[in-house]
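First chain A sits with chain B, and in the next complex the same chain sits with chain C.
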Partner chain A sequence: MLNTTLRRHAPFWLSLIAGIALWEIAGRSTSAAFMVPFSATLVKLWQLIQTREFLNQLLDSAILFSTGFVLALAVGMPVGMLLARVRVLRVGTEPYIMVLYATPMVALIPFILSIMGFGFVPKVLVVFLFAVFPVLYNTVEGARSIKPELIEVAKSYRSSEWALWREVMLPYTLPYAMTGVRQAIGRALVGMIAAEFFLSSTGLGQLIMTASQNFDTGGVYASILLIGLIGVALMRLGLKIEQHFARWRQ
Partner chain B sequence: MTQQQTAATAARTPLAATGADPRIRVRGLGKHYGALEVFRNIDFDVGAREIVAIVGPSGCGKTTLLRCIDGLLPHDAGEIMVGNERVTEPIAGVAMVFQHFGLFPWKTVTENVAYGLRMAGAPKAEIERKVPEFIKLVGLAGFEKAYPYQMSGGMQQRCGLARALAIEPNVLLMDEPFAAVDAQTREILQFELIRIWEERPTAMIFVTHSIEEAVLLGHRVIVLKGRPSSIHEIIEIDLPNPRTRETLRLPRFAELRERVWNTLMREAREAEFILER
Partner chain C sequence: MSGQSIGVASPVVAPRKAKAASGRLADTYLPRVITGVVILLAWEFIVRAFAPAYVAKPSTIVLAIPRVIVDPAFLKATGATLLAVAEGLGVTLVFGTVIGVVMGRSLSFDRAIRHYINGFNAIPMIIVLPLFSLWFGYSANTRIATIIFAAIFAIIMNVADGARTVPREYLEVARSFRATRLSTLFGLVLPASMPYLLAGIRLAAGRALIGAVVAEFFLSIGGVGYYILLNSRTYHHNEAFVGVLLLAGFGVGFELLVNWCTRYFMPWYRRGQS
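Coming up: the complex of A and B.
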């Protein structure tokens, strides 16, 4: 038992350890201006998270991220289901959604900056735009794949339109939408950092910028590592939520 | 009309109710899909405690007919009355059991059975009382928390039946309900249905492509034929009620099955003949 578990997970841990070792060796054998060893990065990260400034920055980023992300869910999911249900709307909005889904959102940042300036709102808009399209797209695809038979059952039992959404459309679509939500987590993080770089400099983005400008390579690495870890943790959480809503599927 | 052949045999026979107070009245019903005429001039009644089986070759529009009666599809000629209500959309007190079961895969057995009651606006206490009762009636006790994917086809259809019965309908519409389960399960479910119907008789229309099933379950069998299809014959099934496994061995059962078979096959041979010409 233990043996098979060990064997199955061995490549994962071995690869991780090898990567860290490589990082450590590379860091020790190059100039500190380019690369910092893994151990030094961890020490730096540890020092960093104990400062008050860091906590403020983290809070700043968290507020930006969650505002934009929650807005993306609140818009993406209902609009997605509406588009799936009403054909005219879907066909009418399709070209815009396709273009916007395919456009790298970073390209829109200068445009948003020139219209809305440096405040909190344009930054939220950036995060929102990064995150909303995967949610919207997956929700539409999910809601469209619902079997017409089930809608017929609902009609046969005299379901109201509202009950049809609540009892049939939403529970059916949720696992699909959650796939989009997981993608959106990653994209919202990118959006968050991009907004913090290109609009008013705050949060973890500012942390990286400042460290970089001060040639504090350790600080840069520590921040990047932290953002990566947060990203992985959020994705795992998203997967768990997705599995919860998909437990009725085989 | 051939349905006038209907003659009350024993007081136990539900046919007695047919003439006087039909629960369902279908008159001059016609339906097109675009240019394609599916059926025309459909006339028949179903008594308040009667099972009418509808057989016909595949594609004859029997399922379409049932969906019209449920109000899921609009008809474009004639009228359908259920009780005193004219059917234009699904009406209260009518429940349909689907060939594909139509269970919601994200709902457990309990939640699926509760669905119809909740849509009918039943109070919570009533739902909590009735749902276990009907789960038990269809023999699903112990599977309350199972999801559809965890159950066999037969069990899923038991669940579908419980959901329909839970709203205590006075009309049950059965759309080839046992067509998607294996032969043994099908036989078990047929007799289960008879047992349940004896406990809670309703007006029932049972659509099937199995002649044997139609004769076993139906008090009358309607044979649909032609393109567009219309009622070819209404055959009274004067077998003793309730039907049991013994019924299958009666000479009269074999006779009636032959009769329905001949009616259908004559039609099939005519079609072949036309094709050959």
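Coming up: the complex of A and C.
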């Protein structure tokens, strides 16, 4: 019993310790301008978290992320289901959605910058654009895989269009849409940082930019570690949500 | 029949009925063409009515295309970006496959590095740019490093999934014929994880493209991303948009290429959709 637990968890902890040790040694043996040891990064992170400015930046980023993300859900899911329900629309828009899904949205940032300027709205637009297509794409994929029999049965019981959406389409599509939601979380995070880098500098993007411009390598490591942890936490959350809804698939 | 092979869960799709060519024309292409025309017209009129003159609109973009595609600066930028993406993807492919296969076949190695791979994969890749520019300077090396960082984890995770899900019966057959480890690897594990590898490449190519563009924005080094940035800053939006069309073309082209490869080289492997 103890033996199997040990065998299962030992590699994880050993490699975690090895990774940290490697970071520490590499940091101590190279120039402080390139690499900062793990211990110094932690100290830096601790100092950073305690400042008032950090709290504001975190809040800024959180607002930007959630606004763009919620908008992407609010547009992506209903439009996705509408496209799946109305065949002509779906067939008509399919290739264009595919193209937009495959286009690197970062390339649009310079246009957004020069047309819309530095405000909050263009940044939300960037996050929205990054996040909306995975949601839309997966929702359409899910909704079009609804068995025609289900809709026919609902129809033959004279269910209204609204009831059909609520009772058949939504529950059937949600697990698929959640795959899109998980992807969208990752993409929205990239969009958020990109917007904060290349549009007006605010939030966590500003945190790392300022550190890098001041040649504060410790600050760069601390903010990367922090944003990385936030990324991991959000991904975990996305995975949990997806798994929760995946149980609905038959 | 107990031998159930493990596959990727796929949505049930109603079989498509074969349609006459004329039916398909009216059914599929007509809505597509109409949608395309509607999008272009809407774009054209909205920009004409509300936006300043420099904003790109379909009519002026079309006029800009012949000018841009013979522009040496544009060609050079395209070459630089494409080469960097190809180089980065090449490195990614080799190392990603090796690490992925080892991860998929060795449980303790998987347990040891899985959290690193997951962690790096969850990090929004652009935040490493300030660090990479510190390490590799404001040069093309940083762009390659960014591309590799952006792409490699997608490959590793997919290949590891593929190598892990090689059906047990196949491995048993290989062992009972006393196949060496090497021939099991090349004859069985690698081919079996090919579809996963291709899915990984599709993901990785998209991310590599984003990585290249972002690196060019950030570092101001020559490439399509920088071409777009420079032209849109100087209010040459139409020229800049041709760059976006090119990137979209790469993205879609790669998607189609991978789909075609999957169908052509792996006809046994079906993903939900036809």
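Going forward, the second predicted complex is superposed on the first by the 240 of 250 C-alpha atoms of A that agree within 3 Å, B and C clash if a C-alpha of one lies under 4 Å from a C-alpha of the other, contacts with A are read in each partner's own complex, and residues count from 1 in each chain.
The working rule: a residue touches a chain if its C-beta (ideal position, glycine included) is under 8 Å from a C-beta of that chain, and two chains touch if they have at least 3 such contacts.
Model, not experiment: these values are computed from the prediction.
Novice: Clash or fit: chain B and chain C on chain A?
Specialist: fit
Novice: Tell me which partner A:Val36 touches in the superposition: chain B (first), chain C (second), both or neither.
Specialist: Neither partner.
Novice: A:Tyr172 in the overlay: touching chain B, chain C, both, or neither? Say first, second, both or neither.
Specialist: first
Novice: Mind working out whether A:Arg158 is in touch with chain B, chain C, both or neither, as first, second, both or neither?
Specialist: So A:Arg158 only meets chain B here.
Novice: For A:Leu150, is the partner it touches chain B (first), chain C (second), both, or none of the two (neither)?
Specialist: The answer is first: A:Leu150 touches chain B but not chain C.
Novice: First (chain B), second (chain C), both or neither: which does A:Trp248 touch?
Specialist: A:Trp248 contacts chain B only, not chain C.
Novice: For chain A, which side has the bigger count of touched residues, chain B or chain C?
Specialist: The partner making contact with more of chain A's residues is C.
Novice: Quick check on the superposed pair: does A:Ala84 touch chain B, chain C, both, or neither? Answer first, second, both or neither.
Specialist: neither
Novice: Mind working out whether A:Pro110 is in touch with chain B, chain C, both or neither, as first, second, both or neither?
Specialist: Once the two structures are laid over each other on A, A:Pro110 reaches chain C alone.
Novice: Once both complexes sit on top of each other, what is the least C-alpha distance from chain B to chain C, rounded to whole angstrom?
Specialist: 12 Å.
Novice: Of the residues on chain A, which ones does chain B touch that chain C also touches?
Specialist: Looking at chain A, the two contact sets intersect at 249.
Novice: Name, in rising order, each residue of chain A that touches chain B in their complex.
Specialist: Residue list for chain A touching chain B: 149-150, 152-159, 163, 167-168, 171-172, 247-250.
Novice: Across the complex, what residues on chain A touch chain C?
Specialist: By the definition above, chain A touches chain C via 7-8, 11-12, 14-16, 19, 33-34, 88-89, 91-96, 98-99, 102-111, 113-115, 141-142, 144-145, 147-148, 176, 186, 189-190, 192-194, 197-198, 205, 208-209, 211-212, 217, 220-221, 223-224, 227-228, 231-232, 234-235, 249.
Novice: Can you name the residues of chain B that touch chain A in the complex?
Specialist: So the residues of chain B touching chain A come out as 70, 72, 90-92, 95-96, 98, 100, 102, 104-107, 115-116, 118-120, 147-149, 167.
Novice: What does chain C use to touch chain A in their complex?
Specialist: Touching chain A from chain C are residues 9, 11-14, 27-28, 31-32, 34-36, 39, 51-52, 55-56, 108-109, 111-116, 118-131, 133-135, 206, 209-210, 213-214, 217-218, 224-225, 228-229, 232-233, 235, 237, 240-241, 243-244, 247-248, 251-252, 254-255, 272-273.
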